[in-house]
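Next come two complexes, and both contain chain A; in the first it sits with chain B, in the second with chain C.
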Partner chain A sequence: MPSRGKQKQAHGDNDADQVLQAVILSDSFNSRFMPLTYEKPRCLLPVCNVPLIEYTIEFLAISGAQEIFIVATMHAEQIKAYIESSKWSKKNSSSLHIEVVHASECLSVGDALRELDARQLITTDFILVGGDVVSNMKLDKALEAHRSRKRSDSKHTDKNAIMTMVLKAGSSYHPSRARGEESVFVVDPSTSECVHYEPMEPFPRKKRIDINAEIFERHAEIECRNDLIDPLIDICSVEVPALFSENFDWQHLRSDFVRGVLTSDILGKTIYTYISNDSYAARIQNSQQYDSVSRDILKRWTFPIVPETNLQESDIYQFSRGNIYKGTRVMLSKSCIIEDNVQIGSGTVVGENSRVTNSVIGKNCKIGNNVNIEGAYLWDNVVIEDGVSIKRSIIANDAVILTNTTLDNGCIVSFGVTIGPSVALPKYTRVGSQPQPKDDYFDDEEESDEEEGDIAVSDIDLGEQGTGYIWTDKGDNDEDNDPRNLKVASLAFDLKDLSVGKEQGDDSDSASELGDLSDSDDERDSVGDTWHPEQSQILAARKVEEFKRELEQSISRAFAEDHTVELAALEITGLRMSANGSYDDVRDVIVPAIINQVDLSKPMPSIRTVLKKWGSLIGKVTHGKDDQVHVLHILQVHCADKEQLHKLFLPALQLLYDDDVVEEDAIFRWYGSDRSKQLGPSATALREKATVFIKWLQEAEEEDSDEDDE
Partner chain B sequence: MVLSKALEAHVESFISRLKRRQIVGSYEVAKETAIILRQVVSTTRWSDATVLIQIIKDLGRRLSAAQPKELAVGNIVRRVLKIIKEVVRGELETDDIMGSGTSEESDDGFSDDDEEDNEEDSDREFKSILAQDTEDHTSDAIPARPKLQTESSMFNLLVDQHSDNVDYTAKSYGMKPLIIQEINEEIIADLETVYKGIADQALEHIHANEVIMTIGYSRTVKDFLTKAALKRSFQVIVAETSPTLQGQEMAAALAAVGIETTVITDSAVYAVMSRVNKVVIGAHAVLANGGLVAVTGSQMVAAAAKHHATPVLVCTALYKLSPLFPYDIDLFNVCVTPDQVLSFSEGTLIDKADVQNPYYDFVAPEFVNLFVHNLGSAPPSYVYRLINDNYDSEDTIL
Partner chain C sequence: MGLLEKPKQQQKLQEFQAIILAGYGSSNRLYPITEDDNIPKALLPVANKPLISYTLDWLEKAGITDAFVLTQSMGNAQQKIAGYLARGYQGNVHCNLIGVDEDFGTADAIRSIADRITTDFIVLPCDLHCEMIPREFLDHHRINSPTMTGLFYEPPKGEKGSGKEDELAQYIGIDTAESRLVHIADCDSSEDGDLSLRMSLLWRFPRVKFHVNLLDAHVYIFKHWVLDLIKAKEKISSIRQDLVPLIVKCQYQRKLVENEDMGKYAALEDPLDTALSLSTVYDEFDEKLLNEHDPYRSNFKSNIKVNTVIYRDGYCGRANTIAKYSEMNRLASKQGLSIRRVPETAEVTAKSQIGNDSLVGEYTKIAEKSSVKRSIIGAHCVIGKNVKIANSIIMDHVVLEDFVKLDGCIVCNNAKVLEGSSLTKCEVAGGYIVEQKTEENGQKLVGFREAI
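After this line comes the complex of A and B, so read on.
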């Protein structure tokens, strides 16, 4: 890799006006938008009546990208068909070349980049984005900053820089941040190098961040920023896909790649940030962001990327006061009320006394009389009959909502589904046109944990003429993700509803976490105060106990199956590593366990055989004088515990000494230590018994030294 | 589309730059539009004028749909259409006069002396009274200004029936170079001299020791004041023009040429107005009723001026004149990102508040006293005449 990287880099230096490449990862590799994404890829879902990928390509086009690779996994044919029919592939329309790369095997961002590396498509620094970016940013400054680091004449030269993350300054509770996937960037403000990255899921609440102390040696000043919106726009060097190939277990761009690069001493690569203050950038990775980004577009934060710019050539929207956008041939009845922030696609009809606020309505929709639509997203050809009320929901193409039906916050109705008449869908209902598949993405066992509190999902009535299937909200196949993180990320989710659900996770203070989340910044600032040392100690103690229990099990298995010492030692090391346990804990467990193996009916020969074999195991977990003293203390306590074991103490001491597990210095120190005298009467008695042995040892030593003297 | 490949690419890139607002300001837009249209005339195949007119109309529709708020695009397209029609009419009429000149060179020779006016060529057919002095007129090389005065008679209105009896479909050779010539001289050369044309009139309007107020950054106004400052000393008060703060930029530019300049906040405009002798502002576009689309805050300045009976001068080039009528005063406004008004990082707040940031104001014609354009000056009530002179009424809707 390095040779290839260097070669290309050298090439890049002298060739300033080479092609700017960009890679769009069209797949989300998660199921946030199910059941919608079951039929249509996420990047083709309409946002303000324009397919999402149109915004991304436009953004890249603004930034001057000339060659775009779209890595498509799920529904690759649809993406390909869309691109081929879009304005981008018209022959002489632009200098932009778009190629769709089929990568059907990919299950993660990491896989997609490995695929790219395998195909050798990337020949220069490139822009890496998800297929869900909405931005009006011009990347030229960020690109220039990235390139200048490679040049030796610039201010902050860093040949090891491999990536520049483009971030947008926001605030910590900004609606455009991905709820449930926030992250903290630790940045050196003088060079804008990113020195540490920490994902911050709200559940379980993270109370501390560990930062490598070396960072403070190398950087005079660092900033911890929890206010950044991460639109996942990265300017990458050619080495990046290759790095993914080398580290085949990297899956995520941020939590694996960025963390991996920043924490690795071997790679020696650096990552920079470019923080934009003035332009807009966000991505839509969950339905909560779908809502907030759509609203930002309607409220013109993304200007000039607003509906009347008509990203799709067939559209003609007109803007009027109150952020109302109307397409052509829109028929609004005289008595209907269209309030602020509404977009209505061409050919849509709105009936008498209907009210529409904060919503996007697609093309050729039919909306009946006395309908109330509030904060909803209706896609194309939707039919809404009389008396329907819809709040903050997404309704996909060709769906039909029959009379007097009510959809509460956060419902998602998929393509072609019919609902009603006269039913009420509770909050967060998801209706798919196909039954929910039961593949490994949707683990069945989780179902019971994930149901929405007191509402049993299967009870939801879709009405007499209703078609469609209820989908339940399943997590990703990512085990260590708290399901609550997914819930807060969904459309119109009300944080109050979290407490309705069952207690999840081991934290008991979910109520206080909620308070933190829903309240404003002042509480946030006091995060440091909410860290209780006692609590963490209890937690730690619990962990140690668990570790010890596992250790006991593994050692008794070793005895029962008569493993070799090496094997047992390996197993112990493995356990210790995974649980991050200490050697002290290991000794606490194995010394008594070994003594317990002695057959008490014939103690002397038995302890000899036992210690002959397993004594060395104790040796393997004992690394110094202090440790040896510790072993003796354990031995003393354990033998003092039971009457029958009293007589084993001295032989054990002797045998351990003979095996060099404990040395004489350690024995002297144990004997001399205060602790050995204060462990209860029977233990003290054992110590007395050892006096003889000590004396013998001392004499032997004196003799030795005498001999030496002569 | 019959456009050549290279031209089509050029058009597409212009359209996307318009959409992305990478090209802003009516001057730049007008210039690029004119260059594109000239290329269309020269590189596309057309046998008679109807085809050409259709091509230009189609293209014009596309261009102005890309950014309907940049009225200069449509204006230039209408100018070109008018020129084509005039050339056709003029050539049909004066075929025998310049009939020999089908080659480019002779065309050049012809139109060299016919500096400004194929219009007059065309007028000749029905305005024989005026037509007789056309030749002398042009050879004297008098700048175009007097022309407008001569043409402003009501006579035209009564006799103007020409469009019916002109056959645009007639095969016409040698029309192409003539049209290109006209576009070059009538539009592109004109664009290059607009600032000078307006600035040259500065001394007629600005007198010594006056206090002038302006708002926003307008190159036209800047050149106008700079030119006046060469001869006279006066004081300028600039409103800072929040939230873009263009006014500060303007003040810096004026101060740099030695004008005594004061920057005030927008909210102080009314208070200061009593000391002001004249308000001079620029415009983004002038509409058919004499109203103007100008930088946000202009309406406030104009209203304050009206209250204090302070005259308001609008410096505007003729290409900014649009035959469109403002049926809805928001129709030509652009609301840009509210970022400058309320920062996007106020996340929780922007979720609840609606923030508007209009870039332009509509100033009604009754607030304007005089338009100073590159060929002279006119009151708002006279704008309809200027429009009739510049555009063909058939082309108002592209």
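After this line comes the complex of A and C, so read on.
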């Protein structure tokens, strides 16, 4: 018995010196909730009348986090002010310590983690979440699983494990999955190690995924899962931020970090999953998920995190049948109808003959008579006048909707905006209180000229007394993201409307394309790939240009600093790999560069020394006869270019031959090739000069074969 | 005990008809032991019983009494098998031996007898030895009523290395929830051997387990309508290469189902659909609403279904390579399938040692000071003095002269190994004579005329 007690003690000690740290990345690093997030950070947007970050902090608190760092980028001061005034900062409230880290420069998750690494705030394994997680999960089991991998006595020890992704089992079409951002996790079912990660945005449509055969050498059995909800809750080892610093081009946690680690042969790190089947976990990264998570809360999937448990101290909600939650001092007229799944904040008034279903209404709202509210989210102090109809829209604080106005599906009305009277907003209208900035954080130059169709959208009438500005969808900051992926992820989005987009000429593939998700027999390229074929060619050409320029710089540095050939070759290989350049391009650059090194005042000795050293570099990038012929063509063209170089051609040819960089077969082929005769008069002259050499070679060969005969 | 004796059943209604493929597949993997001068694969002895008898026993245990045995009409294989079925075989399965063209693929062979199949059918290889109780497999099919049920097994750990070079590994994807076979492809089907999946597969079956260590037992139960498919589509030549992948893909590829016009063959047969259409409480509208809620969801529903059973609890294997054939023999003799290791008719001198992991056939003579370990010796063999046999299979009518040493060898019918030879890991073809004092390792000893 005593020994047992001791053990426990020891274990306890172990826990004590491990403060559980957590990091909340409060920023979304995208513009999906614009224009709302133009004024308020995403993590402070109310979900069921409680700021989103409360859910996240609550979740972390349940899971035993003791120290929380909130990395704030946009509106950092608002977040700081909110945390300071919240219950979490009060002296008596638990041992939870919250610190807001102001990181204004960050543009991505990767930047945020690099910032964390720079500040050296993380000392242990930590929980990494976005500022948008709603969950009733207790992480203790996942934490235990993560820690046990590091212990040598556990069943599956893996000291290289650096992360455990906490995932929730759902189904492939689960509404809590981020539409347009679903991903497939490939997991070894026996150890829960994640062996492959595949994001699968619907546009441009992905038809196949390939799983590397090598994976099967280590795992006899793997399971592909397309049914997981990824709430972006990760238990990370302390080295994760450092890894982001080492790989400075990683931006996203999943598509860069997870994929990077899993596909890297060098890092040797592993990532695991923890798949929960029973608890609730979801994140709100777009308005479609805002809708689905809010409904889940109203429908009590998130219990005990439901409105009447009063996440905020000042709230008192009463729960009644049909999932109706009423705050204090709510005044409902006798004839109004409150149907299923409705939450109404304190002090709100609902007028006669109005109908509210599947909606959340904030505090102190005034809703007039004959109003129809369906699946809408009204925040605090909203005024809705008589005869208004609102469907599946978000209306922010202090907005006013004047009489007889209609809001169709998917509208977002920002803070303090007035709309009406008697106008109808079409689907997916976004109204900001400020004009949309031309050049905000997430804007690319290309995009401003791309959006020509916007004029039509801006024509939307906000009514005589309407204030506010129409916002249009801006692309993500992610250049390879198809804008349609954002569209499908927005509130109440109906896939039939996909062809509304102005990008593609033919409507045939759009909605139908999605409908076809189930079949992919036609292997035609999706529209996304064929948008700008010329542009991609130009782009490719530009890339090659850039690559060549870099090569030139690199090689001239090698000459100037007198590098060894090995070092220069290594550098060229590196450049070639990173730019995905071809050997042809490499030769195009280095052959002339080497010839240019020859001191023309004393050509013969100089070319001898130059080629003696650097000739082997040409050899290193020349593989096979075709390449050798190519080298000769370059040499010919380059020497023909300037008169003073003419005399270098023959010696160069001879020296390259002596060094075995070019073999006689290649020389014959070059000499016989049509191309060598068609490169201009001076080049042809050079070829003529080489005739003697060729003859000599032929004779030598005959001699050789004679010798062989004997 | 009279009560336990089953009354002779009157021509009972057949649930399944069996088709045994005898002598198909790439039999050169068994070269030279299945050449014409020896015996066809179906008759290779495993623990001194022909291979095909194991398949027939399995069928009998499954209660299937009607089988077609398909073999090449070329050569003397058909004749030999017919001889065995007529005289040697003692079970109760009624066999119909049919010779088919040598160039036929497995599906082609079935096409040739399609008109004689009147029920759902089960296709088996002749080289299977499986300890699984067949009822378990059939019941799985009966419960799920799929288009096709396939049997896979996990090879014993030790066998994996030895069989690797012969057996093409396959990626096998199995839906976790319904044990449906949803993906099957050879590992080297794509350029770099990667597993390449269609997204539509993962949308239709979100949780799929992929295995590389499972082997196909080549036991399939098909719905009768599959015959119509085989009949109509001449391009289906092989069951494993063409038919199974096609049916598997039709579970989720709408275009393929349309292009191949599968609906014509696979008549609406989902019992659930039938039940629902008759139901008074089922509201089709509800279902529609549910789907409409998510426009992502495609309403494509294939009524083609492939189920699978994975057998892991005991031995299961196919003798389709030399290594596996030896392995099967080794296991069969060890497991004491025949209790009498040395029959009365055999003459074994007292001074010879027969290990109790070995078998000796009828009328075999073994002279003194010989030892037999982990080996099987067929009938009518003559074994000289001081012969050492280990890990070997000696078939019938083999003569081993004095001081012969065999380790890991297979010696076919009527072969002779003359005095003092020492062979390791060799296969000696039927009727071949190994000269005196030959020493060979890892060779196939085959007469010249066969090597052509």
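Note that in this section the second predicted complex is superposed on the first by the 470 of 710 C-alpha atoms of A that agree within 3 Å, B and C clash if a C-alpha of one lies under 4 Å from a C-alpha of the other, contacts with A are read in each partner's own complex, and residues count from 1 in each chain.
Keep in mind that, in the parts below, a residue touches a chain if its C-beta (ideal position, glycine included) is under 8 Å from a C-beta of that chain, and two chains touch if they have at least 3 such contacts.
Fair warning: this is a prediction, and the values are worked out from it, not measured in the lab.
Novice: With everything superposed onto chain A, say whether chain B and chain C fit together or clash.
Specialist: Aligned on chain A, chain B and chain C fit with no clash.
Novice: Thinking of the overlay built on chain A, is A:A540 touched by chain B (first), by chain C (second), by both, or by neither?
Specialist: So A:A540 meets neither chain B nor chain C here.
Novice: Quick one: classify A:D278 as touching chain B (first), chain C (second), both or neither.
Specialist: In the superposed model, A:D278 contacts chain B only, not chain C.
Novice: With the two complexes superposed on chain A, say which partner A:S171 touches: chain B (first), chain C (second), both, or neither.
Specialist: Both chain B and chain C are touched by A:S171.
Novice: Answer with first, second, both or neither: which of chain B and chain C does A:R321 touch in the superposed model?
Specialist: first
Novice: In the superposed arrangement, which partner chain does A:I222 touch: chain B (first), chain C (second), both, or neither?
Specialist: second
Novice: If you stack the two complexes on chain A, which partner ends up touching A:P304: first (chain B), second (chain C), both, or neither?
Specialist: Once the two structures are laid over each other on A, A:P304 reaches chain B alone.
Novice: Look at the superposition and give the distance in whole angstrom between the closest pair of CA atoms, one from chain B and one from chain C.
Specialist: Superposed model gives a least chain B-chain C C-alpha distance of 6 Å.
Novice: For chain A, what residues appear in both contact lists, the one with chain B and the one with chain C?
Specialist: 171, 173, 175, 227, 520
Novice: What residues on chain A touch chain B, complex-wise?
Specialist: 58, 61-62, 92-95, 136, 168-171, 173-177, 227, 278, 280, 292, 295, 299-304, 308-310, 316, 319-321, 323, 340-341, 520
Novice: Which residues of chain B touch chain A in the complex?
Specialist: Interface residues on chain B, with respect to chain A: 5, 8-9, 12-13, 16, 19-22, 65, 68, 328, 330, 335-339, 344-348, 350-351, 354-355, 357.
Novice: Enumerate the contact residues on chain A facing chain C in the complex.
Specialist: 171-173, 175, 179, 184, 189, 200, 205-213, 216, 220-227, 494-496, 514-522
Novice: For the complex, which residues does chain C have touching chain A?
Specialist: Contact set of chain C toward chain A: 171, 173, 176, 187, 190, 192-200, 202-204, 206-213, 252-256, 259, 294-298, 300.
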